[in-house]
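This structure is in structure tokens; I'll ask about it shortly.
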Amino acid sequence: KSVTGFNFLAIALASVLVVLVGTIGIHLIERNNFPSLFDGFWWTMTTVTTVGYGDFYPETIPGRLLGIFLFLFGIGVIGVLIGKIVDGASAYKRMQREGK
Amino acid sequence: KSVTGFNFLAIALASVLVVLVGTIGIHLIERNNFPSLFDGFWWTMTTVTTVGYGDFYPETIPGRLLGIFLFLFGIGVIGVLIGKIVDGASAYKRMQREGK
Amino acid sequence: KSVTGFNFLAIALASVLVVLVGTIGIHLIERNNFPSLFDGFWWTMTTVTTVGYGDFYPETIPGRLLGIFLFLFGIGVIGVLIGKIVDGASAYKRMQREGK
Amino acid sequence: KSVTGFNFLAIALASVLVVLVGTIGIHLIERNNFPSLFDGFWWTMTTVTTVGYGDFYPETIPGRLLGIFLFLFGIGVIGVLIGKIVDGASAYKRMQREGK
């Protein structure tokens, strides 16, 4: 199922870009709430996957606007990436089965 | 993939409408828990994207009924909007590639 | 888009059934954490939509098993219901446009 | 709708495998935060369904990397499983209707 015109590489690159923006951005905007870059990365990943544990969240207006940017542009891209990973595993299994 | 008969503009308008209802509604219904309109907007966005950090949530019956309204009518609309954004990025990239 | 063989009425009935099981079940299993039926209903709705604010969650093994039942059987049914609501709004708008 | 080349059995097996990796892995990596295997199972299920109540979450770098593994490989697999369960219920109902 080709949900979009993107191939796996383009989606992976777009995902890395969105995650970098979230990670670095929130660490710069709310250094008190996100003291390390890894905290920013962890929050970004829990956000774009919509898991949202609530252990980290932004509290300032710029931080929340970055969050809403991740909602609108990250959730879709990471959703397509996760779909591609399932597709890839499915195709790999079919090839294994047919190759024998 | 045209998930629905809506075009981008119709979905964007419906999204704005749902988000306005959530933002203004929760600020009016539970002013203590949502002291500013921006708090209401932030809660509405974390709700309709299903991120649900838990930093804000309604505690009264009318507030929770507004939440359930957002679940039933907002999650679908915002989900389609996010899908359209990915589709748009995909179409833009394809046009760039073919146009050169 | 007919995701499933269910029509709207069948999905609505299945949704009501799943939500009733969650609402009544968690109120009976963990009366301390879910003192009212409406608390059980609110938790069930935040669960099957995957919003998961974390204001309510089960803490006993039977309560968590009911939660996992809602994950496996409720998320899909409510997801289809939300999709049908978007489809319905889309069809309604198309009919309005064509009918005039 | 055959989202993937997997059949129900393959998806169920992949789901069990991913859930076992999450359950056992987080119990071994963060024994303080996940004192029982059932706590690990409950956290894994709230994670791969993206409910994310926030009653349990990893706090160490290895624990969070296991979480991100579940995001990338678990959310898709469990999403397909939930889709198959809805498809199965739909097919069962259609067969019942036609068989009579």
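Think of it as A, B, C and D in the order they're written, each chain with its own count starting at 1.
Keep in mind that, in the parts below, a residue touches a chain if its C-beta (ideal position, glycine included) is under 8 Å from a C-beta of that chain, and two chains touch if they have at least 3 such contacts.
Since the model is a prediction, treat every value here as computed from it, not as a measurement.
Interface matching across B-D, B-C or A-C places the copy of A-D, with more than half of contact pairs shared by residue number, at B-C. Mean C-alpha position of chain B lies 26 Å from that of chain D.
Distance between chain centres (mean CA atoms), chain A to chain B: 18 Å. Chain contacts: chain D has residues 50-54 touching two or more partner chains. If touching chains are joined by edges, the resulting network of the protein chains shown connects every chain directly with every other.
Every residue of chain B that touches chain D in the complex is listed here, in rising order: 50, 52-54. Residues 1, 38, 42, 45-46, 49-55, 81-83, 85-87, 89-91, 93-94 of chain D touch chain C in their complex.
Within the complex formed with chain B, the chain A residues making contact are 3-6, 10, 14, 47, 50-54, 57, 59, 61, 64, 67-68, 71-73, 75-77, 79-80.
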